[in-house]
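Following this message is one structure expressed as structure tokens.
For reference, chains read A, B, C and D in written order, and residue numbers begin at 1 within each chain.
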């Protein structure tokens, strides 16, 4: 797990050592690890952690590296410049982020606020290294009287079937104005249009309150109760145009019995949803997730 | 969990005290528990454990009672006779079984024997209070060279599409001749015909190697791999005419990652399957399961 | 699980039907269930749920009953009067509580507020049927700037080694003035004196941040890291004079690896602690827990 | 998880590609990954997987690499020769093993055979890539009438307090004669003497039937019952001279309740023990475990 001190929202002292997270994917061939590792070392950095994965079905290679400067004058911009040459040679898709350059996150929510409250709490105590650039809801601010937004802008974006297009345009404008690089649907009970979903590929995470692929669509706990399953779950996934079919980032479950009414499942589900969503968001903002077609590769600790 | 000593396959000394398992269901109305409890006590028995459940959707009442004789002359036949009058009054469906009267179980298997090997092991050490009256397979005895059937009759029942009717007639004949009251499909890779399924309602348990309702049908671990789920599972359910739609008795799961290939899921799945099936069989043979439409009520410890 | 609607903190409409929770224990002998069930029914009530347990080591009987009036004029005070005669006959210890008569809970906390924040959240949305009569801390109110106490009185009770006696007297005064019937130590980092512990027998719940009996005492996550365990946990228990030796109500765990530093364990631990404590508190306020010597009997759903 | 096909006990066709498992540890300093990766690549091999870990407390570096030949003439002996130079430079402790060079395992057991039966089953179906060179027991062969040892030599080594020294000498002779590189105590109910333990450092795995460090010593399930814990577990660890204090490789748990008698815990425990031991053995024989003082580093998939 992270060795770095948790990010602190209130103007932290600069960490003594910057850490960079590199994620890359390319067609598999021998020697990539050696090349990447050597390049990083030769540029004056040390590899603190690296994980890789060969996807056999597509013969693609995936890699995540945490590295930090160890030599006087090690410069990330110079590194990027020279690495891009190497990357071209191997036909890599890649991105690198400094740990201190926090992910900018916009949260969408409807009236159930357990995921929102949990994300805010974890962010506040430094468990989620991100900057929350806004909270938007189709419900007004008064819906959340007990939540302290702590200066985070709140946007009330009501929606009806007739105004959905306009409302989504507002969401999109918010994303752009706030430079959000992640949109989190924290029990946002509206289905994004294909158009908006398409603009947010790979940077919009939804929490679905069932153990996908079981019980897609509406009222999954009621579906689970009707089917008589003995375990329920929740799934955090990237949003795609196909409803509840996006690449799954994280799932978890809890055991239930015939005693549990749909309302009980909703209650148990709150616990599962909030921890599954928090983990998925953390994996994303720590640059641990790569989308691989309909699936994800998650380089956990 | 069971207070009784585990059943021992090799002619146990009669247990000092017989225990009876009563299961009943009827339309809900006040006072049933008091009536049943008083009746049992007045007939000279003591209630060792009782569980009940009010199904609100259908307004039905379900109850399980473990009881044992405490008064000189307490007689189960006399109890049954008088209880049936009470049962009629409340419109009950009920059954009672003495702990010493072991369930007779017929096991069907194809070539994967992990569930079979596990059931045999648990039965041998007394974890599963049942009598195994036979093992039948569409593969010959040589398929299982390392399993000690310990005198249990083995029946080789090969099957082709053309001979399926005849083979199922053989299965049915086996059930009748062996007086099996439970048929366990321990990774039996043939789908029972509707006709045979209909004859076995409530007494045929299948282990499906997925977390139902996800991944019904063939090759569920390959389906799970293709979908990129982060948790896999197995489900034990009663067989009905609808494939993989019968009432679920027990489910369990394990966490996986992108590293796991379909073969790895198959391997991990073996562990889940064998423990889920063993639990479901134990619940059934201890008279803990009542079918309630598409669902089950399982009175666990 | 509970069929009743969750209690609502803001003056709820009277529930259409009152539900009573009866807990009793007595020396075991035949016929108790029948007697209790019949008595409840004859007094005009219906049993919604009942659970019992025979403790073989001590030959004691434990029982929990949920019941509600079904006959015109069924009166709980009359029931209590007549039940106390029956209870004397069987030498019972018993208590009964109406669901609407919420448990009064006083919460103690030091500077880590994850359990406090979680209890407040669950209470607010109706998951924990209790009345919070106060929050007390050895840290000042400013320690929790983001928590909305929502009118709950906050008491700052600083403590030093020299003033511990006086501070505990203040705590005890608070318990008495607020008529608290449960004191929750929600990561309260002071050890209660034997004297105070003795006054709070059976009504003070602590969350210990280890999987007891492993890692008693201080800094359990650091102990766990030093020992190299692969799973960590948390334990909610009743406070007794012996440190971390009180009867355990609930425990849960999470898997860790060599990657996790003590700080990571602390972070993972927060999740375990808050859900373990919340469950234990719920079991207590729903009258589901009986202390049985060094152990508890918990009648879960 | 392993991409390789499971090892098959009956003379498998040579795998098309050999895979090597390298494990190393050394004082941490920048550039190790680059050097190791480059060396492997330059010798004509490809890295299929690599994991590493910086232990901050001791500032040591740990690394596991799976690699396979990709260039004509890549030779493991030549690789070893040149790698040992590099290893000396970095002050490394290291070992490398070919996947096809199966670990030789000697199993010790007393009368409870659930772990033994499980290891045999998993080995037989190819889940555990190892060669079982013998089974030894202080109980005679007739103790296991239903187990098919399938040609594995069985050694009856009775022991009394007086003959313990001689019996341990026999065990040690067995280890030497069979060239066993791992001794598995699969519920072997004798405590190894310090002397024998010292000879087997890092190559003797025991399964302890409790969640260490709780309940060390004898009858842990009875201890757990007496303490009233709500979760029980099992721990696989390397044997050291200190009883139940060796480095833990793997642990797992199951939930229990007040209903469970010590015998029930024993029964539930069997399931935990067998899966924990099987995982630990697999980690060891796949060269995934490094001992780090009192702890282990386990490079799981």
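Quick note on the criterion: contacts are C-beta pairs under 8 Å (C-beta built on N, C-alpha and C of every residue); 3 or more make two chains touch, one makes a residue touch a chain.
Since this is a predicted model, take the numbers as computed values, not measurements.
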Item checked: Remotest chain, chain C as reference, centres from CA atoms -> D
Checklist line | chain C against chain B, contact positions shared by both copies (same if over half, else different) | finding: same
Next item on the list: Take the average of all CA coordinates in chain C, do the same for chain D, and state the distance between these two points in whole angstrom.
Entry: 42
Check: With chain centres defined as C-alpha means, what is the inter-centre distance between chain A and chain C in Å?
Finding: 36
Next item on the list: Could you list the positions in chain A whose residues touch two or more of the other chains?
Entry: 3, 56, 257, 259, 261
Next item on the list: Over in the complex, which chain C residues touch chain B? Could you list them?
Entry: 3, 30-31, 33-34, 37-38, 40-42, 45-52, 54, 56, 70-71
Item checked: Contact set on chain B toward chain D in their complex -> 1-3, 6, 114, 117, 121, 124-125, 127, 145-148, 150, 257, 259-261, 263-264, 267, 270-271, 275, 301
Check: In their shared complex, at which residues does chain C touch chain D?
Finding: 53, 55-56, 211-215, 226-231, 233, 247-253, 257-259, 261, 292, 294-298, 300
